[in-house]
Amino acid sequence: MAELTHFNDQHRAKMVDVTAKAVTARTATATGRIKMHPETLARIHAGTMKKGDVLAVAQVAGIMAAKQTSNLIPMCHLIPLTGVDIHFTDNDHDCITITTTVKTKHVTGVEIEALNACQIAALTIYDMCKAIDRGMIIENVHLVEKAGGKSGHFKFDAPTE
Amino acid sequence: MAELTHFNDQHRAKMVDVTAKAVTARTATATGRIKMHPETLARIHAGTMKKGDVLAVAQVAGIMAAKQTSNLIPMCHLIPLTGVDIHFTDNDHDCITITTTVKTKHVTGVEIEALNACQIAALTIYDMCKAIDRGMIIENVHLVEKAGGKSGHFKFDAPTE
Amino acid sequence: MAELTHFNDQHRAKMVDVTAKAVTARTATATGRIKMHPETLARIHAGTMKKGDVLAVAQVAGIMAAKQTSNLIPMCHLIPLTGVDIHFTDNDHDCITITTTVKTKHVTGVEIEALNACQIAALTIYDMCKAIDRGMIIENVHLVEKAGGKSGHFKFDAPTE
Amino acid sequence: MAELTHFNDQHRAKMVDVTAKAVTARTATATGRIKMHPETLARIHAGTMKKGDVLAVAQVAGIMAAKQTSNLIPMCHLIPLTGVDIHFTDNDHDCITITTTVKTKHVTGVEIEALNACQIAALTIYDMCKAIDRGMIIENVHLVEKAGGKSGHFKFDAPTE
Amino acid sequence: MAELTHFNDQHRAKMVDVTAKAVTARTATATGRIKMHPETLARIHAGTMKKGDVLAVAQVAGIMAAKQTSNLIPMCHLIPLTGVDIHFTDNDHDCITITTTVKTKHVTGVEIEALNACQIAALTIYDMCKAIDRGMIIENVHLVEKAGGKSGHFKFDAPTE
Amino acid sequence: MAELTHFNDQHRAKMVDVTAKAVTARTATATGRIKMHPETLARIHAGTMKKGDVLAVAQVAGIMAAKQTSNLIPMCHLIPLTGVDIHFTDNDHDCITITTTVKTKHVTGVEIEALNACQIAALTIYDMCKAIDRGMIIENVHLVEKAGGKSGHFKFDAPTE
């Protein structure tokens, strides 16, 4: 079985040494979705158009969270990000899908940053709609693709549900 | 349709005014799970026993994240938490379930704190195992129960999947 | 001459002791404006309508900054805010005025929080428009009014310019 | 009209992609001033000499704030700063002028960092003197000069007031 | 043997539940010292008088660190501090002693905040003098006294060295 | 006498300009110890084995603190760390020694990060055991060794106690 790399000889967690790794351009895309009551989505749609834009707040929250990743995930390296973008799509019924893309030119990848942006954007939607729908579910949060770096290209292979 | 409460008369987001709300004891429990390759769970099990404890790191990350919630979720009030606890269970095959309980004695609830702790604990597991399994999925993150406060008791009513 | 209260007997800064002060509801309103090239304001107007809403980002930034005030202003107490709101108006020519209102129920006032939200909202506008206008000026940032607390009501008395 | 660069194809804010930009040495100088009651300035002068140095605290606050810029301004990249300095001058009557210089060797400029340091230094002065003067005004905050990077040299061209 | 209170039934760390504890005024005083080369202390003395005040920076750092304690110490509750003060004394030869006093009116004590302020003030002295003295030693950091709260008064009983 | 480098021509603190310094691999090792009642150490030993691992929490706290150093120490540059590790040893009687190693590939050294990780790990031990032992002392915190960068190799030369 492959070894986990985050532990030292005392079997305690460490921040893995990446001093010798090469600086390369890296990208990671993550996704996740938040399932809600159909009326909640209708309310968000309506708001986006005229009463107040929930997704604009989620967008800002996700981008700012990407920059906070190393303060939240203990063994994560601080990575100066060179780009963060977030897109929302929905099924026009009861679910908003969030897709985040994070870029850097650094010695480690930005998968965790992309996933974190995704989760925080989803949780911001939850926060802003919770007064009308506390039963929302955040689900299917996973890495979609990553490129750059020694471990090479990764593309998520969806399990047959 | 009920109105979202987070928008002002310019249709822009605001932090809702809770100045007049009563200070009461409040609890929120949230859950979520991370699905992984069976070998990854085996590796975490093995590590917990002798090579390094992934879940101990996730535990600390989740608790610290609960305290950071208002810095991450834009319209969320800062709430001095009076207790945070996290439990892990697994299906002995391919999935770890995280349950977080957060408490306060304050003017607003701590649902978002509980959900945030859950997500960050899950993402920490992802981070520490990503070298052997990049396809992990964080799913089914939702509020389980909340008590205290004017909006009263909430208990999650699982949808028939 | 009145004494500054932020210094100890070694003539070094301290966080003033407010342990004995009463918890009361407090409000502070601050304002500031950012002057820009008329084309920049036209561009923000256009964007708000269809291409991307600069002020929605500034709104979120200002509210989040209010919560960070005690981490930025060294002698400032951490205050759990109970409400933050921001409004934008403009002169339809070359200037956007920002007005922030911050509330709490605590032992000290929230003037600094309101001023900080104002400055950060203004600086966010600057950041998002700097590619087309680096000469913008942030000006006239001051407290408008404060209420609650022992020092009583304050209302800004505009100097004759 | 020039396009704002901070929006994506969904007309939502993004952190602009600078992955391909060259690393170069960059400097930015910003300024701002805080106008106060003449007695307040007299009090700061007196303190600097023997009772407690308001400006020493403002200096530290401004420098620390420069490092926090990307956590406050949503679309701002994290930039490892290589130097920050702040100078204070006053008109010996009712106004302190703050000048900040920020340096880096990175892919984007540090204008926002310099402006942020300026505003936070000013707000710290306000905070420490507010017990004796709540009517202070922060004004004329603008970029003075920037050098390095593709957009080239910028020098503020003072408007005829 | 007394049980540690920070662990749950899964033997993992938790933030202890203090929801039911009474709000009372609490104080904690901590101390620590930094030993250095006699020339380094002479240099700090000289600077305090005319070239630049190392201790003024350490003072601000210690106070700001006190406010960050719950973000650094994983199981520590966020406590809105109502007062922080720091004093420096030295033996006029090779050692500066730091004494910090922290106050709150809350459900838990502020020992950790006082100790943290102490350590960060000491480390700031180290940072600012390291170019001339890398061999400085931070030592004897301990709680001096605490008052308020259910566990009652504590006074440090110096061990016979 | 050598000059302190952290002050500007106004005798106020500045973040030293390192723009022109070369990027090189750098390492710093620091140490410190926390002295406690023999029963406290026995309790930590017991916990590590079955009731809850104090040192696992201290490990995470120390690593996360290393990443926060530039937010705590005012004149410290933000340094993207490429590795952090912490080891604990004890004298089997009344003292735990903490050794931290921090790495980067950057323009300045990481001594302060190593010392900060050390102090915060020690303080976390204090926090988690304070219910049974408030008299613990953190002592002998110093730099052990640093390598890389213009100032060259440093090795701590223990004073004859």
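As written, the chains take the letters A, B, C, D, E and F, and residue 1 is the first residue of each chain.
Throughout what follows, a residue touches a chain if its C-beta (ideal position, glycine included) is under 8 Å from a C-beta of that chain, and two chains touch if they have at least 3 such contacts.
Bear in mind that the values here come from a model prediction, so they are computed numbers and not experimental data.
Visitor: Based on the averaged CA atom positions, which chain is farthest from chain B?
Guide: D
Visitor: Quick check on chain E against chain F: do more than half of the interface residue numbers occur in both copies, making it same, or fewer, making it different?
Guide: At the contact between chain E and chain F, which are copies of one sequence, the residues are largely the same (over half shared).
Visitor: Provide the C-alpha centroid distance between chain C and chain E, rounded to the nearest whole angstrom.
Guide: Averaging C-alpha atoms per chain gives centres 31 Å apart.
Visitor: How many angstrom lie between the centres of chain A and chain E, each centre taken as the mean Cα position?
Guide: 37
Visitor: Where in chain E do residues touch at least two different other chains?
Guide: 8, 12-13, 53, 56-57, 60-61, 64, 68, 71, 74-75, 78, 80
Visitor: Line, ring, star, complete or other: which describes how these chains touch one another?
Guide: Graph shape, chains as nodes and touching pairs as edges: none of the named types, so other.
Visitor: What chain pairs are in touch here?
Guide: Per the contact definition above, the touching pairs are A-B, A-C, A-D, A-F, B-C, B-E, B-F, C-D, C-E, D-E, D-F, E-F.
Visitor: Any idea which chain E residues touch chain B in the complex?
Guide: Result: residues 8, 10, 12-21, 70-71, 74-75, 77-80, 106-107 of chain E touch chain B.
Visitor: Which stretch or stretches of chain E touch chain F in the complex?
Guide: Of all residues in chain E, those touching chain F are 1-8, 11-13, 32, 39, 42-43, 46-47, 50-54, 56-57, 60-61, 64-65, 68, 71-76, 111-112, 115-116, 119-120, 123-124, 126-132, 134-143, 146, 151, 154, 156-157, 159.
Visitor: Of all residues in chain F, which touch chain A in the complex?
Guide: Touching chain A: residues 25, 55-56, 59-60, 63-64, 66-68, 78, 80-88, 103-105 of chain F.
Visitor: Give the list of chain E residues in touch with chain D in this complex.
Guide: So the residues of chain E in touch with chain D come to 53, 56-57, 60-61, 64.
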